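Listed next: structures, encoded as structure tokens.
Okay, so chain A shows up in both of these, paired with chain B first and chain C after.
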Partner chain A sequence: MIQLESVYKTYWQNKDEEFDALSDINLTIDEGIVVLKGISGSGKSTLLSLIAGFDKPTSGKVIVDGMPISKLPDLHLSAYRANKIGFVFQHFNLIESLSVEENILAPLANQDIEISQAKTKVQKVMQEVGISHKAKQNIKNLSGGEKQRCAIARALVGEPSVILCDEPTANLDRENSLKFIEILKTLNSSNRTIIIATHDPIFDDMRLEYQTIHIHSGKIGS
Partner chain B sequence: MDKILLNSEVIIYLLSKSLMMLLLFVAFLYSVVILKDWDFNQFTPKQFALENRSYLVSVIIVFALILKSFLILYFVHTIDALSEFVPGAMCAAGVIKANIYGNYLLVLSLASIFLSFVWMSINAMDIKSLDYPYMRLKTIFFMILFVLLVVEYGLDWLYFTHIDTQKAVSCCSVIYGKVGGGIPFGLDSVKLLVLFYLLFVLIVLSVWMRYVYISAISTLMFLVVGYYSVVYFFGTYIYELPTHKCPFCMLQHYYHYVGYLVWGLLFGGVFLLLDSLIMQIFFKEKSIHLTKVATVMLLLFVALCSGYVMVYYIKNGVFL
Partner chain C sequence: MKSSVFLEFASGFVLRQKSKHLNTMVISIVLIFILSSVMFVSSSIKHTINSSLNNQPDFVITPVQDGINQTLDIDMVEQISSIRGVVRVNARVYGRYYFRIKGKSFLIVGVDFFDEQNSKLLQKLIGDNSLDEFFKQDNMIVSSEVAKFLKQHFFDNSYTFKLPDGKFKSVHIYKTIPHNTNLIANDMIVMPIELAQKILGLGEDEVTQISFDVPNDAEWQNIENKLYLKFYNINVTNKKEIKSYYDDMFNYKGGLFMVLYLVSIVTFMMILYQRYSSINTNDSKDIGILRAIGWSIKDVLKLKFFESFWVVMSSFIIGVVAAYVYVFMFDAPLLIDIFIGMDNLPLDIELTPYIDMGMLVSLWLLFVVPYISATIIPSWKIATTSATEAMK
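After this line comes the complex of A and B, so read on.
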């Protein structure tokens, strides 16, 4: 369960450019799929980065599975991200010089796990998202949809309980976006929380059960 | 005095020390704010800002203290290099006695390095925890350490500005030669050596059997006995001269700079072991890695010292 209590995030505090990205956010998110909707600059990505532990709030509590992550020291925050969070970025953020398999293996590098065991996990998630046939390919030889699947596999390989997707379909055509939503449906069957920040209307057209949260100018709307 | 202050080693040393003090001063100012306003149970903007800042402050302090630990080696090198300007001085032993501040400065430098090690251990425990349990303690400790470092910095300037290049000093041949007196505490070489090896065995056994208090006392005693053993016994084998009893000459190139290794292993090993024991006694934190590193350093120190005696005996068939 993810809880946010009175969360504020202000950038450039006490400067001329001061900007409130989030104001008084109070949320409780259970297992399942949650879609955060809002226009660009509404605060969706900021909210995801606070839940992911990439950034800290200016004030307020962010609690994930009972752990107040907004207060975690950096050392523990890294462990939290490695063990609990899978993140799918809008621009995929894959390492171009590595192969698909190596990119997916990367999050396991710092974990106390046998290499053979790690490779088995990588094979499993590649099959799950349908990218096994490109395992040895270099990232720069992949299409947008394949890159997306590789990014999803990388997010899944650590078996996180929370998956965060920031504008996951923004760089995909309709066909690949639909494939992505199909993958989401299969992931939804396991006990996970999946949060998708998007303004893509394709999610409205699909038969996908999810909770919707609207964000306007850093505030939760109806 | 101009000759001293315009010496490149002195300039580098004082500039590095000034930079280090500037960093620590910034950290000190932030520490005052942290100490005043810290309340981990708060989720306010002020507390979040303090948490972010405290991490930055501890990184600055750790960097400055590590720099400080290496600067003592450069300090010793600097005073050794100054021996050519001070009449009568053949090594750092003469230069350190060029005025009343030298010895105080050296002792204070060593003490502050030891306290720096302790601070860094407390800091490591603090940032490993979930809720910064030692934030207040380490901040107060740092403030005390900072005062000590300010005194040391003042002594640095007093020392280097009061070296008289016209006045002759007495150096190691006079200070430590037979005329200058023998081993303290009424010990002779044999008793000193017996004590040296016995204390080392006691340290290894007590560390192995985890008798922390015995380890702490024997380590402290080993620091004193180790120092005198090097100066009055092992050093003579390094110099291959029974009357040459100087802690500084072995830092010179004639002796392949072995003094840095000898003193580095002794002081480093003792400080790290005491640090690890303090963590065990006061914080119930067992740092096996730190204890192992310290014990290995002391083992290397004993082996190095003993090696010089053995090599001399093998080469010459006699002891000095």
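After this line comes the complex of A and C, so read on.
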């Protein structure tokens, strides 16, 4: 379970000029798919950053499975990200010089795990998202849809309980966006919390059960 | 095991980015090659000289009066022998013989062939033949460079010296001193002391040097003091002073190089630091990605250390091996001339393979530690910023 209690996130553009990216966010998210909807700049990505532990709230608490992550020191926060969170970025954020399987292996490289076990996990997630045939390919040579699948596989390989997707279809054509949603449907069946920040109307057209949260100017709407 | 997954990933990470490291590696290899070559040449020369000095007597007395070189009376041998603690006192003649047409000179060394200390060394040079055989006619032993020079001037088997009284003396070339001693015997001609006296125009009682040993090191200073009290017109030099003279000379030459190349290394490290400080977008993004997927700062630094260590160790090993081949297999062409300079006769020497491990470790520390620091510190700076910032 993810709980946000009176969360504020403020950025200072100049010394005096402050910008409230999030204001008084109070939210409880259970298992299943949650779609955060809102226009660009509404605070969706900031909210995901706080849940992922990339950033800390200016005030308030972010609690994941009873753990107040906004208070964690860096080492524990890294372990939290490695064990609990899988993040799919809008621009994929893959290591360009590495191959598909090396990118997917990356989250396991700092884990206490046997090499054979790690390779099996990598193979399994590559098959799940349908990218096995490109395992040895360099990221540079992949299409947008293939990069997306590689990013999803990397997010899944650590078997996280929370998957965060930031504008996952923004850089995909319709065909690849539909494929992404198909993958989401399979992931939904495995007791995970999946939070998708998007303003893509494609999610409305799909037969997908999800909870919707609207964000507007950093505040939760109806 | 944790480490094996890490190693698998880190190896792929480094090997996939070979081209990124190529420029740095090439510069590193060149710097290491030059520094190691200088170090190898310097230590090999010092080692050869030190080994040669080990066979030399502990003390050498030369005559000096008002700064002008004189000769010593052979009677001094007995007087010096009478000093308690002094053993193996020998008279010898050192002098230059000028081959005026070509403006060259040879170093004539006249020694007592029957002296216990000299005879072992000379027996090695003469080989299986007995000394009687050597003394059947006027013979001399010449360095390989002297032999080559004389041959070029049609003196294949013997050379006719012009004596100070205008007469001529033909001396047969009996043997050539092995090539590997050229460093100390490049222009040397060894002959019996009586023959050397004749050629250099010295009387039978005149010698230019007296050598002796003092087995008890603690007595060296006392003996020197006694000699200065006894004889006013001498200069006493001990083996340690000669050794330190050579050490200073080659340390000075090697030191000049070291200073020059240390400056290069510092410059290189500054460029490297500059490069990694303004760490390129891809490097910064990679660190941000790793942090975002759950790597701690320590994990990122471990990867960067592995990457830097791999680059710097490969460069170091390649540079050192290349320097070893260049110095000890090809005798360091070009570099050796700077070290030994152009001698009276062209100095063609073979460098004995000798590695000063202390110097090698210093070089390793001098290069590897700043290199790794110059690459790790900027990565650490990136790793400590927010992952989202680093990925931008």
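Throughout what follows, the second predicted complex is superposed on the first by the 220 of 222 C-alpha atoms of A that agree within 3 Å, B and C clash if a C-alpha of one lies under 4 Å from a C-alpha of the other, contacts with A are read in each partner's own complex, and residues count from 1 in each chain.
Keep this in mind: contacts are C-beta pairs under 8 Å (C-beta built on N, C-alpha and C of every residue); 3 or more make two chains touch, one makes a residue touch a chain.
Not measured: the values here are computed from a predicted model.
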Chain C versus chain B on the shared chain A, clash or fit after superposition: fit
Contacts of A:85 with chain B and chain C, given as first, second, both or neither: second
Contacts of A:95 with chain B and chain C, given as first, second, both or neither: second
Partner chain(s) touched by A:175 [first = chain B, second = chain C, both, neither]: neither
Touching partner for A:16 - first (chain B), second (chain C), both, neither: neither
Chain C, chain A and chain B - angle at the middle CA centre, rounded to the nearest 10 degrees: 40
Touched partner set for A:60, first chain B, second chain C, both or neither: first
First, second, both or neither for A:209, with chain B first and chain C second: neither
First, second, both or neither for A:74, with chain B first and chain C second: both
When both partners are placed on the shared chain, which of chain B and chain C touches more of chain A: C
Superposition-derived minimum Cα distance between chain C and chain B (Å): 10
Touching both chain B and chain C, residues of chain A: 74-75
Partner chain A, residues of chain C touching it in the complex: 1-2, 4-6, 8-10, 12-13, 16-17, 20, 282, 285-286, 288-299, 386-388, 391
Contact footprint of chain B on chain A as seen in their complex: 5-6, 8, 10, 13, 56-61, 70-76
Contact set on chain B toward chain A in their complex: 40, 43-45, 48, 51-52, 55, 127-132
Interfacial residue positions of chain A with respect to chain C in the complex: 49, 52, 54-55, 74-75, 78-83, 85, 87, 89, 93-99, 102, 105-115, 118, 138, 154, 158
